[in-house]
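Take a look at the structures listed below.
Next come two complexes, and both contain subunit A; in the first it sits with subunit B, in the second with subunit C.
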Partner chain A sequence: MSETFDLSLFWEYRLVLWRGLEVNALVFVLSLVLGLVLGLVACLVRLAPWKGLARAGGAYVELCRATPEYVALIWFHNVAPFLVGWATGIRINFNPIVSATLALGIVASGYFAESFRAGIQAVPRGHVEAARALGMGSMLTFVRIVLPQAFRTMTPELMSQSIGLLKTSTLVSVIAVPDIMYQVQMVSQQEMKAMPLYTGAAISFFVLIFVLTSLVERAGLGTRREA
Partner chain B sequence: MDALLRVVDLQKSFGDTPVLKGISFDLPKGTVLSIIGASGSGKSTLLRCVNLLEIPSAGEIHFRGAPVEFRKSHDGSLRLPAAAAANTLRRRIGMVFQQFNLWPHMTVEGNVMEAPRRVAGLTKAEARDKARAYLDKVGLLLFAGRYPARLSGGQQQRVAIARALAMEPDILLFDEATSSLDPELTGEVLKVMRTLAAEGTTMIVVTHEMAFARDVSDRILFLHDGAIEEDGPPARVFAQPQSERCRRFLTEFVR
Partner chain C sequence: MDFLTRAIIANIPNLLAGIRVTTEICLISFAVAAAAGFVVCLLRLYGGPLRWLARLWIDFGRNTPIFVQLMWVSYAWIDLIGWPKDFFTAAWIALALQSSGYLAETFRAGIEGVDRGQVEAARSLGMGGVTAFRRIVLPQALLAMAPSFVNQFVVVVKCSTLVSVVTVPDLMYQALRLASIWNDPVEILSLVALLYIVFILAIASGLKRACDRLRASFA
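Take a look at the complex of A and B:
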């Protein structure tokens, strides 16, 4: 029992594990950026005035949201390269980090798209009309008036979704991305002592996410800001 | 002299419901036109057609002698002119809304600077000078750095007027600018509007403030059910309206 919480082994391998955590951070940041960009695009497509396009955007969002991350990871790593190869005639493999970024980023984009949409639709119509009445074009109005307000409304939700994405990034060992869980598995196979390492990984993630959540709260991003 | 704005047989329907049934009027430079009438008579829709926030179903709008070039759908209904033309018209015609519609994520000064900077292409310093000059004009220079949420309704509306003025438009439209204000706050807004009128600003005012319409306007339109029912200078419209409906409307309002 005491072995479960004996973290000396965890400490001994801290460098390897730290490198694993860096990989988690890398996958997290890449898929976050991809998710936000694709999410905004999907949201705009979904709000497009052309019905067919709007429907395609809606279908994309639903597909993303209905796909478990675990399944997406395996699909993007094993099936997507095959499809790309079939379409282009060039045999390729995805680097696991690329597969992981695509899988997590695309799934997350479905959720981000919905947050963007809610944020954009919450902007009062009168604010848009005021801008248009001053001669501001639709693009300028969107960038200067709608988007900043939408961001404010959606920040808390965006923050919790991002932290969710960080948690999800621990799944990537399933396609052999050398993240912290992957390293933990490797080390525990060598040392034949799994429990302290798993406990250590759990504790480090708890600390990481707790600290991040507190920072978000401290910065006032966890609740809607005044005006 | 040519009218600054000429509206000819303007019609507007929402679906099958006609809201404007052929409105025509001229607006000479430097005059104030007040549009009065019951709720649902089409006043606001008419105003919104003038700066293309609504697209008329039929009719013509001439601004400074040139017709607004509406495009036509294949079914013959009108569509917005090309974006550039619509934006050019709108920057020459300012609008003040019933709900103020200040942008909450910008300071008071930021609200007023935005269009001069991004639409008229002034530098930040020029736009700030202009914003401050117009905020001073509406008596709110001290509030330049505040956010709109911290202002009273009357103050917000005065900022909205400064925001419209900062583009130095040829015509100012007021869409029931005092209707959502508490009675004690309407005075400060009406005072600004009176000053503007006295300075020769060309204005179209949709209003329920009959005293204001009577004192300030050069001409009154009384709308009923999407058509002009009474049209004339305030002295005549208020003293001896031709239309029975207008007379009843006025006796209800002016006590």
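Take a look at the complex of A and C:
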């Protein structure tokens, strides 16, 4: 029994695993930035006064939210370079990190767009009207009145979406990004022992994400009470 | 008709077999997750000294990435507890493990959302605790929980694509196999991606409508 729960192999390979975790962090940050930027753009397009544009924004959001992340990863890694090649006439391959960033960032942008929209629509209309009555332009009203208030209500939601993205970023080993799960698979095969590494990875992620979620929950309650 | 179109048509039986496996995985893991989630929720609410176990289960299910769980159940459980013996079982266990954590919390929110006065009224009419729970609390709670169930089912369908990583022959597995045999991923992977998106949109909107109708018929 004690042999079964022996996690020393996980400790022995900590440097390799740490390097994998750094790659996870890189993919996470890159796709987070892409997701937030695209999400904000998609949200603004969706709220645009022109109906056709708004509908296109809505369709984009629905499409992102209905796409399984794994399918997106595989598609962006294997199909997207071909399509780019056909369009430009230059044969290219995506670095796995590029494919992973595109796939995870674009899928996440659908969820971020919804969080942004909820935050923006939660700002009372009266505030906008008051700002306009005071002579602010619509752009200025949005930047100075709507966005700061919206940002506050949507922060907890954006945080939990980001944790979701962190969880999804463990997937990228399927397109050979050398992240932590990739290293776990390599070492397990080399050592012919699957148990210690997979169990170690599961426990580590559980602790990491549990701590992050608890922090966000506490912070989230705090901001909500303030507002 | 070009070669690829014919090749795809020739492989429709494979794709249908994949869809079948995907459907099985989704239904089994969701049913198990709902049952386990209900038990865990009861343990969490009324378990007394065993509450911490329910909390650990819920937190572990919710806070571990599905891919990590899938690999863990598939490759580590056999050494830890000598089960499951095949990857199909491992796949639905992993999916159910994750969803049971979310569904347990859904059950809890639903049960706690039922007004206390309802229970008191039932008790004062002479119903026992279990009868009151079964006849008064549960039906109202289930109605309130329906939308969360739909969301979680969609999550299960999306996560089910991952089981191909542990060689369970679902739709994604069949697509990847054909892509590698033909050495041409463009059409088949795009087709399957489209299939998944259409499935998921259809399931989400269909179930949501059914849910709204159900709620409207009682409200």
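Everything that follows uses one rule, which is that the second predicted complex is superposed on the first by the 215 of 227 C-alpha atoms of A that agree within 3 Å, B and C clash if a C-alpha of one lies under 4 Å from a C-alpha of the other, contacts with A are read in each partner's own complex, and residues count from 1 in each chain.
Rule of thumb we're sticking to: a residue touches a chain if its C-beta (ideal position, glycine included) is under 8 Å from a C-beta of that chain, and two chains touch if they have at least 3 such contacts.
Everything numeric in this text was worked out from a predicted model, so none of it was measured.
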- Message: Looking at the superposed three-chain arrangement on subunit A, would you call subunit B and subunit C a clash or a fit?
- Response: fit
- Task: Check the residue A:Ala194 against both partner chains and state whether it touches subunit B (first), subunit C (second), both, or neither.
- Result: second
- Return, as a multiple of 10 degrees, the angle whose vertex is the Cα centre of subunit A and whose sides reach the Cα centres of subunit B and subunit C. 110
- Looking at the overlay, does A:Phe210 come into contact with subunit B only (first), subunit C only (second), both, or neither? second
- Task: Would you check which partner chain A:Glu12 touches, where first means subunit B only, second means subunit C only, and both and neither mean what they say?
- Result: neither
- Query: Taking the superposition as given, does A:Tyr70 touch the first partner, subunit B, the second, subunit C, both, or neither?
  - Reply: second
- Which chain, subunit B or subunit C, is in touch with more residues of subunit A? C
- Message: Tell me the contact category for A:His127 with respect to subunit B and subunit C: first, second, both or neither.
- Response: first
- Task: Applying the touch criterion given at the start, work out whether A:Met181 contacts subunit B, subunit C, both or neither, answering first, second, both or neither.
- Result: second
- Touch check for A:Thr170: first (subunit B), second (subunit C), both, or neither? second
- Once superposed, minimum distance in angstrom between C-alpha atoms of subunit B and those of subunit C? 29
- Note on the structure: Where subunit B and subunit C land on the same part of subunit A: residues none
- Okay, in this complex, where on subunit C does subunit A touch? 59-60, 62-69, 71-72, 75-76, 78-80, 157-159, 161-162, 165, 172, 176, 179, 185-186, 189-190, 192-193, 196-197, 200-201, 204
- Message: Taking the touch rule as given, give the residues of subunit B at its contact with subunit A in the complex, in rising order.
- Response: 51, 53, 83, 87-88, 90-95, 97, 99, 101-105, 114-115, 118-119, 147-150, 160, 163-164, 167
- Query: Quick one: in the complex, what on subunit A touches subunit C?
  - Reply: 4-5, 62-63, 66-72, 74-75, 78-79, 82-83, 167-168, 170-171, 173-174, 181, 184-185, 188, 193-195, 198-199, 201-202, 205-206, 209-210, 213
- For the complex, which residues does subunit A have touching subunit B? 124, 126-127, 129-138, 140, 144-145, 148-149, 152, 226-227
